């Protein structure tokens, strides 16, 4: 349970800080420091047992399906890391109180910081590699927020993005690596995986696992060539740099290598990849650091170099090297955090971080200078500081490493790196604190208050302690942690400043001497370098990124050009492609053997009319009106086909719908331009024509293939048999619609109703805004007859209205038994009413209508639904119909079916929707005309 | 089915079909729009009438009941056909007058004015007066 | 009472007949239902037909219908002959301007419809003031005689029916 | 020639016409294309019930030969839905023309703007 | 005999439809085309009646009736469009 | 027959009643209409949860409508999948509806509430139905309602995009009908369970046609799901519509995926001959392309809504990567991701909505603007939403991606799937980092803050709720993944489905 508490503390603090962002600064610091301190206390409590060899564990089942549990453990390595995180975290929080200006939102800052702390603790404590992944990515995210904390600064934003891209990207590789590792090891539980090194290394997946995991580790730990984000992350506030970029986040990669050491290390591949990367990084970082002028940048490159050192040590794959690495982790954390804080203080007091504008600060800021110098000494590996010991151990180990058979290469390069690090370290201290006095922007900088300087005092004392009393202070921890790293009994440990005279001491001494000389002769090289165009990773990265974004944009725009023609072409093309795929299946798409029906002359003529009319519609580029006329012909032929082929209901529907559709299109055509559309290019038309032909032939062939097959038992034989006894009607189509498949019909009328609503919503505002203006500007596009309402026509419609309503009623009432039904009846009624609109005009007719379209649609849907629900009252299923025959005196036998209620609903919706579409559309035209008249009057007046 | 009835039915069918065909033939062969307008009236009246009568008798004989509802078709056609003809004629008049091809007037030439002395004009050319009783122009 | 129930007995009767024709059988129930519709629908559609004309002389109406049917048959054969055998250039088609004495639009419409229904003549337009009918005749020798024929044969009975 | 062939080839012609028109650039043409396409689809759906002459699916005792009622019901549903969709497309394209001043399907401006220079 | 008469009628009407189609195709005036379409509707009614008699059932009656009743609506609408542009005013 | 047995129809019946009622009262008493609409959403959520609870016993329940037994009538089928989808839709709907009311988007045009309810009706019906033609009908319902909603508020760009959206989908419906026709013509049935059995019994001569039918169905579903190359309509549509509507549409693409998951194992399973797992070879490359194009679009986008639209595209691609393996395990992963992606996509759109409301003339363009009200809070919401969208920890997207990666490892092309999932994640991260830092960090120089400090904080509730739900989904991932696995197990037991549907007692 303490583990869970340890885990939750920082997050809880982050949450509290986020919620209480308006609270006082003191409160913020209190919360953050309190959380860190409490964590540290917990850790200390647990430490004895852990060091004694019994790791603490805790587990809460979370996602068993993934093998992802909230499984934590605290082993010595975790203890070491968690200690670093919490300890330095505490100091950084205190430091931040002094560092951040009063106006800065400390609540937010500390909230992010705590978030980050929690994520780091999570990495340290995870006993499940998937869980570790979560925390891993969380550190990337929270560091993104921290680096970009000064959001107004372009470099902060860019630095944050770059860090996120690189470390986040590496994290993704790590995800793949971890998952593969889990696959290979058969478990995602870290403790289990650590025991299966042999299995994993024997797995064919091992190279992939290793590569992917290393990608994750190297990006996080800024190893060459993924190092470039780190210097740019220096745009963050200095406490962040001190925390993330010295002590914790960048070490996560090192930690990961150490963590997985028992599983992954030991192979040649490991050695070559890890050790050489570390070595190159160490050299490279140190070399660059020597020639940078920004305090934090120098520290950043030195960090890269030092991280390379640790990685290289782990790459050696020997227990002793691992020991050195572990100890150096501790050392580096101490002195580098102190140095960052120091740089922050200098920056804070002098207003600059440019080393060329500083000098002789020792006199003004003695305490700062002392601390800085001591920390630098540790970095340079000078006795009696801890850095000396670990560097010595490194050099020692380099002698044992055999790279590529050339045993001299590694020690040589290691020594060079050590030399360089001595040089930049010395430069860092001497240029700032000694020599000619220069104080940047501020006249008299001075030592800051305790909040800022205190933490570095502590850190420098620790660094000193590591050198003077290594075995006492660090011994047990390093020993136990090393044991955890190598996954066996810890090696014998002997940390001391003096090991007698040995090659490592010689190399070390050489490094110091040459390093000092190098510093002395540095200036000409620096001048020479200044003249060269430096290979700036940031520019490269930004340039590449900008190029990628631009190319993406181009590609995305090119693909997603707003072109309906393209959308449709794709759709048709895919359908045709699928048709070809199907035709290529073994057996293809054969026609069947069913006997065909002979065609009568009428049928042939009708077919001919259909084909010609279709051709004309397609070819009719210039005259849209005529195209409509030919559409009518096609509709007529299809209605005839339905009649001929035993589908009276369909014929009725087709006839009625056709009329309404034509009216609709004419109404729209009135307002649409009638200009002949520009022809598209010939290749394009040919392409489309080819596609159309293939699509047509394919569809036609599919129809032919199906029609010439015999059909086995269809479900409709049930419908046939049950329509009269079970549905109470002899028109099987109608019974199917209102009973067997009434649910379809319910959906269908809802579609119509929605269409009506959508049309209303579209047309209602059409008289305003741009559309309204355009309507007002609308002009006759052909000479018009002055006669609005031809007399004969009007008279005929007056007689036709009651007649048509009667026919509608008739079709409605008999629909269950004979062709007809609510839908067709409703269309007839609608057409009858529309005729009134046509003949007598919108206003006249609209005044005389009794029911609006909206209530019709609403009531229709309600009636249909309620009819369906009615059956529930009788314990039957939704939409169950019932019917009965009643004997009424004089009238005789009368059948009543609930399906009729349902059909009433259908009819209401259909009338409502049709009227809505046409009346609204004609109304827009109406308003257009009215607006036109007004405009005419205005212009003539 | 007795022979005479059969002959009657067959005769009616053939009569109807003949007039339908003649009507359409007229539509094709007559020289201009107004003349062509006369063709289809045969199909509507005697053509369909004959066929419908045949159908009435046919189903009377076949099903044994009087199925007079075919006559309704004729009723509706009698109401609608003149309106169609009237509207098409209006279109012809209107377009012949305003269009770019005045030769559509055909044999009869352009229509005379309604009242040689008066001011009046055909409704297609002039909005109907609203003050006469015959006017149906809606306010 | 009856007047209020049946403001337009002619329309009601027509609807009942049409209903029975559609139902295709004559039963008591059918007649009752037809009557219901015949009464309800005119009420319902009343606003759409203001000033429904009163139709008199029912006998005259029937006579008129018979006359028109007879004329239609005769004219059909006449025009069929024209279409089949008359050469185009021999067609004497011309416009007839028929002055109308009828006043109600309903009556004028019936007259125009009658003219259109009898093959050989098509009523093409009404004058803007409603006093003249423009009729196109397919083949007439004497325009004035044809106009007179229309007026006596069709307009006169209509004047009586729509008094 | 069999009825089946007529129907199948009719479907083919309608589909081809519909596809071609739908790929044109003007909303009105697209609407016409969709109309043709929906005719084709309705016929197709109808045809898969197999063609039967003179046997409408009106139940009578003892009749065993009848047109399959189910595809007819499906086509009815499809016709209704298509009508709703067509109405919406027509009005939508009109509306979008009114808003953007171009009846090009994607609102690309015309060389000759504004409604109507040509006779219908 | 009736069957033969019906066959002849069917062929005659088919011919009539073809003639209508020709007029529809040729025009030349829009009024001609509308007229041709209108005639076509009438002829289709005739076809339906003939089909009804051929098949010996009268369920086709409704289709014919409906065509007779609403078929002219599109004719009118086309005419109104050509006369006024706006079919509903 | 207790009332509880009838509960299955409630998700369809409730909106069918609420929608017309709101339609009737809206004009006179707006607030009553809004209350009704909200109440409808709540009721649907309650019902969906109840159904979800009922489905927990692993039984598959068929509800024959009208009492007609399957396959002759239409059946509604309640199983884990349909119940889960219902809950998802109801949750999303409620949150989106709340947001719409709070931001008064519903007043920007006509009939928002009835259309919204009908949209839900379509969704619910599509999830519940066991009949393929009925699925078509409900597709049409949800599509036409989506047309209405998509156009809500209008404007030239929206209308033009609307034309494309509507036309493309109408053509899609035509394809659907052709596929349905083929299936009925070959098998004589429309019931999905029955179809599965009858297809298995088809002879050699019918194989090509049935494959064609299967592929055409795939094309239709792929169009709805916006799979490359049938995705082209999506970015424009979603970017042009009101963000609230787009948030609701986050589930629309998932309906296409749902349909694939439902139909393929049931109808085109192992027994389907030449049509067995018919989409498999086409779907994987398409999914890879979809994911890439989607996240590249995220990187390239210049407006928040556009970016969100592409994120939805990318998530569909990721989702289909899992679906395209057609194994029980990957399907479970896909289901989990589906839930996550729906909520995450919606959250992105809602955040975009809040942001563009507050940025005045700057709208949702990804350019620096002066400081605006609630920039901190909005920025945080955006951060969380993007974390969810790209699938980084700690939100459920990460869990989902892990799930997909883990389960797909047994599939043949696992390396491709992994590379795509991880690679696109990186692209997404970079893309969102760019836009987020520009929108919420960078400030236009020398400009006064944008007025609007009075903007209601209530606007933030809905997006925050969605994100909280995602957090819950993460915390409860153990339970949720178990649900997904149980659901997948049901999906991959088509025989059980058929047995449950086809033997239900008659009326």
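Details
Note that the chains are named A, B, C, D, E and F in the order they appear, and that numbering of residues resets to 1 at the start of each chain.
Note that contacts are C-beta pairs under 8 Å (C-beta built on N, C-alpha and C of every residue); 3 or more make two chains touch, one makes a residue touch a chain.
This structure is a prediction, so every number in the text was calculated from the model and none was measured.
Using the contact threshold fixed earlier, the set of chains in contact with both chain D and chain F is A.
Note on interfaces A-B and A-D: more C-beta pairs are in contact across A-D. Here the chain at the heart of the structure, going by C-alpha means, is F. Farthest from chain B in terms of Cα centroid separation is A. Each chain's centre was taken as the mean of its CA atoms, and the one lying most distant from chain E is A.
The distance from the centre of chain C to the centre of chain F, each centre being the mean of the chain's C-alpha atoms, comes to 62 Å.
If you average the CA atoms of chain C and of chain E, the two centres end up 22 Å from each other.
Between the Cα centres of chain B and chain F there is a gap of 57 Å. With centres taken as mean Cα positions, chain F sits 49 Å from chain E. Taken residue by residue, chain C touches two or more other chains at 18, 22, 105, 108, 112-113, 123, 126, 128, 130, whereas all remaining positions touch fewer.
Counting partner chains per residue, chain A shows two or more touched chains at residues 562-564, 568, 572, 604, 625, 644, 648, 669, 699, 702, 706-707, 711, 714-716, 719, 740-741, 744, 748, 751, 754-755, 758, 762, 770, 780-782, 785, 787-789, 791-796, 799-800, 803, 807, 818-819, 840-841. Residue positions 13, 15, 17, 30, 34, 50, 56, 59, 65, 69, 71, 76, 80-83 of chain E each touch two or more of the other chains. The part of chain B that touches chain E in the complex is made up of residues 6-7, 9-11, 13-14, 16-18, 20-21, 23-25, 27-28, 33, 36-37, 39-40, 43-44, 47-48, 51-52, 54-55, 58-59, 62-63, 67, 69-70, 72-74, 76-77, 80-81, 83-84, 87-92, 94-95, 101, 104, 124. Chain C meets chain A in the complex at residues 11, 14-15, 18-19, 22-23, 27-29, 32-33, 37, 41-42, 44-45, 47-49, 105-106, 108-109, 112-113, 123, 126, 128, 130. Interface of chain C with chain B (complex): residues 18, 21-22, 24-25, 72-73, 76, 79-80, 83-84, 88, 91-95, 97, 100, 102-105, 108, 112-113, 115-132, 134, 136, 138. The touching residues of chain A, when paired with chain E in their complex, are 600-602, 604-606, 608-609, 612, 616, 625-626, 628-630, 632-633, 636, 639-640, 643-644, 648, 651-652, 655-656, 658-659, 662-663, 666-667, 669-670, 780-782, 784-785, 787-789, 793, 800, 803-804, 807, 811, 818-820, 824, 828, 831, 834-835, 837-838, 841-842, 918-919, 922, 925-926, 929. Only residues 53-54, 56, 58, 120 of chain D touch chain E when the two sit together in their complex.
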